[in-house]
Amino acid sequence: MIARIIALAAGFVALVTLPYWMHGEYYINVSSQILFSAIFALGLNIIAGYGGLVSLGHAGLLGIAAYSTGYMLQAGFGHTLAILAALVIGVASMAVYAVLALRATGIGFIMITLALGEIIWGLAYRWISITNGDNGINLHGRPEPFGFAIESARNFYYVTLVVFLVSFAAVTVFVRSPLGAALMGTRDQPRRMNALGYHVWAIRFWACMFSGLLTAISGILFVYYTQFISPQALDLTASAEVLLMVISGGAGTLFGPIVGAALVVVVKSVVSGFLERWNMLLGFIFVAIVILMPEGLVPGSARLWRLAWRRLTAPGKAAVPEGKP
Amino acid sequence: MSALTIAGLCKSFGGLHVTGNVDLNVEPGERRLIIGPNGAGKTTLFNLITGEITPDSGSIQLFGQDITKTPSRRRAHLGMARTYQIITLFPHDSIVHNVSLALLGLSPLRWNPFIDMRRQGHITERARTALQRVGLAHIAERPLTQTSYGERRRVEIAMALAQNPKVLLLDEPFAGLSIDERRDVHACLMAIPRDVTIVMIEHNMDVALEFAERITLLHFGEVIVEGNRAEVVADPRTREVYLGH
Amino acid sequence: MTFWLLLTINSITFGGLLFLLAAGFSLIFGLMRIPNLTHGSLFMLGAYFGATFVGGLLGTVFNFWLAALMAAVLVAAFGALIERLLLRRLPGQPLAQVLVTLGISFIVADFCLMVWGGDPIAVATPESLIGIVRYGTLAFPLYRIAVIGIAAVVAAGLWLLLDRTRLGAMIRAGVDDPDMARVVGIRVSQLFTVVFSLGAGIAAFAGVIGGPILSVYPGLDQYMLPLALVVVILGGSGSLVGSIVGSLVIGFIYNFGQALLPELAYFVLFLPMLLVLLLRPQGLFGRFVP
C-alpha cells in the first residue's frame, strides 16, 4: 500500500519534471505523444475495458474531432471556437455512433464499430470538399491558453500533461463511482443487471459519451501536435492500435491503457528509428502478451511481482494461494 | 387483492408451445411451489413473469397493476426479485459488492458518476444485513471466486432479499446443495416475513413440500393440478405426470 | 450497353472473390465464434505466394493453377498452426482473440513488406484465359468469367461438404450448438483446426486468383477484410447461402457505387450492412445473432 503511494508520487514527480531530465526535444515530443495517446486509450478503455464493448472504429471518432478543429481553423475561426466545435461535434458523433453500435453486443458490436470506423475513413478520403481528401488539412500554429505560448516542445508537453492529469482524475472518479460499478456490472452480467433494475442500454450509452469526450480531447491534442490531419490517422490500423494499447496494457484497469500507449508509441516512434521491422515487433509483442500475460501488462506484472515477493519474503515455504484458510 | 395474478399466459417458440394458457393466482404472503418434470416450462414461466421474455398473449398483474407491457428493469422497482437456476453473480467482486449492486439497482444513486462507491456506507451496511440473514456476514469481504457453490446460492438469495421485494421468485434455490447447506437455506427462507410473497420452483421434494402452502403442477407448459399440499399429493394426475401412468 | 454489362460482370466477379474470402470467415466465426481478424492477411499472403510461384521461384515457373493450390496449402498449414498454438488457448476470450489475430496480421503484413517490398506486383492472367469471349454483339472478359466459374465450383463444393458429408454435418452441428455437439461426441477441437485451415486455404486461393484483377500490394489485407466482414454481417454468420447472397450484393454495390457515386462509395457500401444490423441483426440468413 505504501509502496503504491510512493510509486505514484515518484511517477507524478517524474512527469512534472520530465523536460528537465529528458534530453532532447524529440523525446519530449514523444512523451507528449504518449500522454495524449494515453488519453485516447483511457477513453476507449471506458467502454472496452470497463464496459465490455470492444470498439474497432474509435480512430474514426478521434479523426472527427481532429478534422473539425482543422476545418474550423482553415475556415478562419479562432482556436477557442475551433476547439469548442471539435468537442461538440466529436461528442455528437459519438452519440450517433453509440446508438448504431449498441444495437448489438459482443462480436456484433466489434463488427459494427469496425464498419462505422471504415465509413468515417471513407468519408474522410472521399469527401474532398470538406476534408481535402488524401492531401489532408494543414494547421498553422497552436492556441495560447491564457497567453501561454505552446509552440515549443516543452510548453506543449506541459499543457498536454495538465489535460492528461485532469482526464486521468476524471476516469478514476468515474470508475470508482456507482455509475462505474453499474457499467462493470453490465459487462459481467447484463441479464442480471436488467433484472436488478438497471437500464443497461442507457448505462452503456452514457459510458460511450464519456468515452467520446475523452476521445475528442485526445483528437484535438493530436491535431495540434502534428499540425496536420489526413485520412491515415483514422484508418483501421489506427483503430486497431488504440485497441491494442488498451488490451496489451490491461483492459479494465486504470494504468493499463497508459502503459499500453507508452508501449505502442515507443515502438512506433523510437524503436522504428533503428528497427525497420518495428510493425512486426509490435505484432510479436502482442502475441507474446496473449501467451504470457493475457490479462495485460499491468495486471500481469502485478501478479508476477506478488509471486516474486512471496518467494522472496518466505523462502523455503510452499507457495500458498492468498485467501485460503 | 392478490399479489400476483396471471391470466391466459401463452408463449411459443416457433412451433413449440412452452407456456400454454397458464392461470395463476398467488395471495399476499403465500408460499407457492411450482413443480413439474424437466421441460415443463417452469423457468420460462419465471422469465415471463420477470419480463425477460414477452408473452404471445395473456396478462400479468402485480398487486392489481398490469405489468404485462412493463419492461423487465422496471419490474424490479415495482417490488419483484428473483434468483436464477444457473448462478449468475459478478465474478470479479467480493460478496458484499455483489449484494451492494443489487441494492444500488433500486437507488437513484446508480446514475451518479461522481461519488465514491466505497464510501457509500449506507449501502454496504444494508448489504451486510442481507448477508447476515443468509448467514454469510462473516465472509462478506471474500472474493466471489473463493466461495463454495452453497455459499453462492445463498449470496443469490441475499441479493434478492436485499431488494426488499414484495414478490420473491426463487428458481431452484436448493439445487446442488449438500444436506447441511439445504438446512441453512431452508432456515433462512422460513425466516422471511409474511410481507414477502414467495413463489418457488423446486425439484427437491422433501424440502420444498415442507415449505409450500399451495402447489401448482406444470407439464408441457400447462397447469395440470393446483391446490394445497395434501390435495396435490393425493391427485392421480400428479402421479401420472411424474410416473407416466 | 457494354459499360453496364462490364460493370455487371465485374460485380459478379468481385462478388465471387468476396465469397471465397467471406465463406471461410463465416465458417470460422460461425463454428468457433472467433472473429478472425487475420483473414485479410491470409488472403494477401496467399496472393504474394501465388505471385512468386507464377513469376518464378528458384528458376521454376509454376503453372497458375498449381501456384494457387500450393499457396492455398501453405497458408492452410499456417492457419492450422495459428489455431493449434494460439487460438486454442483462448476459447471465449474475445479480447485476447482480437489481440492475437490483430497481432498476427501485423506480423504477416510486415513480413510481406519485408520479403516483397512496397511496390505493387502485377500478376499475369493465365495464358489460357487471356482475352475476350464473344456472344453475339456482346464481349465478355474471359478471365473474369472464369473467376465466376471457379467461385461457383468452390461454392458447390462447400455446399456438398456441409450438406452431404459427415464432416459437414459435424460442422453444422457445431455452428448450431457447440456445447451440444461436444456432448454428442463430436471432436470439436479437431473440427476447429480443420475448419480454420480450410478457411485460411480458401482465402489464400482467392488471393491468388484475384491477383490478375486486383494485383498484389501492401494494404490489400486492410482493403479486403472489412469487405469480408460486411458480407458476413449482411449474409449472416455460419450460413453458406448468406455468404453467397451477401457477396453478390456487396460486389454489385461496391462496383456500381465506385462507378456512379465515387464520393459516397464507402458510405453506400456499408449502409446496407448498417440497415441489416438495425433491422435484422442475425443477417439475412444467419443462424444466430453475433
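Read from first to last, the chains carry the letters A, B and C; within each, the first residue is number 1.
We take it that contacts are C-beta pairs under 8 Å (C-beta built on N, C-alpha and C of every residue); 3 or more make two chains touch, one makes a residue touch a chain.
Keep in mind it's a predicted model, so treat the numbers as computed, not measured.
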Note = In terms of mean CA position, the chain most removed from subunit A is B
Ask   = Which two chains meet at the most C-beta pairs?
value = A-C
Ask   = Which one of the chains is closest to the middle, using the mean of its C-alpha atoms?
value = A
Query = Distance-wise, how many Å sit between the C-alpha centres of subunit A and subunit C, to the nearest whole number?
reply = 32
Note = Here the gap between subunit A and subunit B, centre to centre from mean Cα coordinates and rounded to Å, is 42
Request  = State, to the nearest whole Å, the distance from the C-alpha centre of subunit B to the C-alpha centre of subunit C.
outcome  = 48
Query = Listing for subunit A: what residues touch at least two other chains?
reply = none
Request  = State the interface residues of subunit C toward subunit A in the complex, per the touch definition above.
outcome  = 29, 33, 35, 37, 86, 89-90, 93-96, 98-100, 102-111, 113-114, 222, 225-226, 229-230, 232-233, 262-267, 269-270, 273-274, 277-278, 281, 289-290
Key: Of subunit A, residues touching subunit B in the complex   = 173-174, 176-182, 184-185, 188-189, 191-200, 206, 210, 323-324
Inquiry  = Quick check on the complex: what are the subunit B residues that touch subunit A?
reply    = 50, 52, 72-74, 76-77, 82, 84, 88-92, 97, 100-102, 104-107, 109-118, 120, 142-143, 146, 159, 163
Ask   = How about subunit A: which of its residues touch subunit C in the complex?
value = 48, 54, 56, 100, 103-104, 106-108, 110-112, 114-116, 118-119, 121-123, 125-128, 235-237, 240, 243-244, 247-248, 251, 276-277, 279-280, 282-287, 289-291, 294
